[in-house]
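One structure, pasted below without further comment.
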């Protein structure tokens, strides 16, 4: 529905923030969504104070995944690793500002999953657990 | 308290006559009737949001996916699973048990291993283990039943050893009604390292079943016996066990990635659900457990204890009638198998049918048990939430009529 | 001739709006919608004669048994089986194929044997053979597809040898639409002694399929893709093949006799139907094929050729749009997969959903095919008896809208 | 239903004809219906002219199976083997004179199956074929 493609999402989709790769990084992870073939690579540079200094993403995906990734990179810069851990599904959805179905949710959260796996080695199963609700 | 009259109004089928007599349905042990809400939930699905699940981006499909997964959560909560990921939809109890035999069994059972089951099992919890044993070189041992219809627990305890890898046992017999002391049996099995599979086909519909309190390892049950539709059942197991198991059937939806060289599997529970699932049926199943929850499983059990108690009392007075299974209603469910003189069970059922009473006759898919009882067949009445003491009275009248008509001299 | 307007009135779901726009359902390749008669037949079953089948002596059960077996006869006749004993009810195409892989496959496939399938298969007709090969030491070979979306038949012919034991192939691709020259391919396979399994998930709903004329050995298909309910599918095979096969799942209803020592199996087809079957679903499936028969499968095929022809014409004119699969409507079914520039298929589907158009995006359970095409995903429109040229026009308008909204510069 | 237990059926059930076994017989077969545990043994004495001289049955079963067996034995006596082959499902149902459901049909036809297996070695599969209709 058109509502899905609000102006803020389209802007991030058309002009994504922090797109590219980092020459120097402390953490990096590539994550796939085999269901739709999406792929995202996240590079992070964390300084001695455990603060995220630089972030970059590359890969391809749908507008929702591109926009949410772009937004997430903005959210990450300047945060400590501990603070970054707190970013959850809700935070991403708030930022997107739209209602989203179960299939697209996976698109919207792909980069968050990649960041968590890069930053502190979250496992596939732990991710499932985080996503699970009754 | 338990308002059977009100409940009956929710079941459209009960408001009919057979042979000009009001229908008395006493075969819920084979398959239960369905309340309006269950029937309508499926009708609504087909009329308003039918679509394939999981991969669709359009609204019908998103709605169908949410309803399907929500049904899973309802059924998982109903048996107090710790997560919905432990609840796999199957066709019925039989498929659930076969899934375990094929997937867990072939990967874990070795020559010389022992599988313990009982003499009173339904074929669904017996033939798969015989097949598995034949394929793996394992051995099946059958806990005998006593004269009173209880399990010979001394034998069970004596047989437990580290060679026992699985105890597969019914939580409620569909013929004798017997409810074994499952919790103790599970503790004993675990003490020697064996896993325990419960056949919950009869127990889950009729009493509170909590997989975490029981601490069982597998639980198999069917939707159609607990107010749900045909074509849907469930297998519950612990996440660690399921994660280690290879898939059973393969194909769409159960994979993460497929290449010409091989495949990786999807997360739980989808790893075990290949192909388009029984979507409408899952939704109906979810409605069914909601209906049961509304009544309260403890109340349902209490209602059935009372009704069984009355039925045992009345049936014990019928001339020539012999009941098989425990006489104490606390130790048993509401399936009562009996014979009456040498009148063939088929004839009894046929005469009762003429009186509008639906009752089962045969071996009830428990031939070894009937062999043990020395009977080719029995007649079985089984009760559920919509049955009343009046139904029992009608049954007794029908039995008297059958005896009159069919006694030979 | 083919009165789509009248047909649409039989499908209650089509008379609704999504996002305030009338629903255009273009995802029948994933699952079809259901006519009133199918929905009502199941409703009636639950409201009037729900009971377990085969063993009941009372009237509800006799009625249910007759309806269940009558549904089998309808479905068997629909594909021109020589007897209803050759028609086994399963959950879906996926289970039908897994049944063959487990039962026939494990008993017949030996190390060094070859199974031929194709690059364009649905995972349901691919992963089971990979699994079987891994278990038995056999090898799977994949017939490549050409640029135009046809099978490379020269490769197929070159690969045929006495080592080939099975050719498992779709009769209509769910992505490319391709209809392979099955009859010739079967003759060639038989000439080297191989059996042929047809994945009929897409073909049986959309064109006349006659197992005797084709002379195939197995045919698998799903009810839900051909106007029937979820939770029911079918496997057809020849009686001599089925008779020689061991059972797949075991339990109640599929046995003749069970003792503690072992079991003997029931006659066909029940040997392969363990446990309480999907009764309501079989009845609904029977109604579905009756509805299709009423329209005539040749007419349905003709309608879809015309519609596909129009759709190809229109879609080929859409800016940036590329279609995968044969351009000749005679050689293909009505599933049309495409991409549009670098706009992600998910986004196309989402924008179309906003226009009330239900369409699929993803790998359509054919990842190896998408790997071959070098695409992570495609968008797919698929047609059925209730679709019209107007639906195609609306699709084209929606695609233009998606391009406007989502082109980056 | 009561209709099932018509007078003629009850009479045969209460006083079955030709019950027992034959000391001298040319053909004999025991057939089971595992579904309900019924069992019937048929003994036949066929003379040089291929004519059925004597028949006896034993075993146990429900009223329908007992009555239909009793009726069948009456029908057989004096018939040639060729004539006996012609006895089919319809003939038995005509004799019983009732409508019958699929489960009870197996009871009603058990002895016919036994006779055919005894007389000319009909196989399980051939029997299935005879029973099959569309």
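Should a chain be cited, it is by its letter among A, B, C and D, assigned in written order, with residues numbered from 1 in that chain.
Just so we're on the same page, a residue touches a chain if its C-beta (ideal position, glycine included) is under 8 Å from a C-beta of that chain, and two chains touch if they have at least 3 such contacts.
The shown structure was predicted, so the numbers you read here are calculated from the model rather than taken from an experiment.
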By Cα centroid distance, the chain farthest from chain B is A
Have a look at A-B versus A-C and report the one with more C-beta pairs in contact.
A-C
At what distance in angstrom does the C-alpha mean of chain C lie from that of chain A?
37
If you average the Cα atoms of chain B and of chain C to get two centres, how far apart are those centres in Å?
31
Roughly how many whole angstrom separate the Cα centroids of chain C and chain D?
45
Pull out every residue in chain A that's touching 2 or more other chains.
1, 34-35, 103-104
Residue list for chain C, restricted to those that touch at least two other chains:
19, 55-57, 59, 61, 257, 346, 350, 353, 361-362, 367
Among line, ring, star, complete and other, the chain contact graph is other
If we use the touch criterion from the header, which chain pairs count as touching?
A-B, A-C, B-C, B-D, C-D
Along chain C, where are the residues that touch chain B in the complex?
12-13, 16, 18-19, 23, 25, 27, 30-31, 33-34, 38-39, 42-43, 46-52, 55-61, 91-95, 97-98, 102, 119, 122-128, 130-131, 134, 140, 142, 222, 224, 229-232, 249-253, 255, 257-260, 262-263, 274-281, 346, 349-350, 352-353, 357-362, 365, 367-368, 371
In the complex, go through chain B and note every residue touching chain D.
19, 344-347, 350-351, 353-354, 361-363, 367, 370, 375-377, 405-406, 408-409
Chain D-touching residues of chain C, taken from the complex the two chains share:
54-57, 59, 61-62, 65-66, 69, 73, 77, 83-85, 243, 256-257, 267-268
Which of the residues in chain D come into contact with chain B in the complex?
1-5, 10, 13-14, 34-39, 60-64, 103-104, 107
Chain D to chain C touching residues, read off their complex:
1, 32, 34-35, 101-104, 124-125, 128, 132, 134
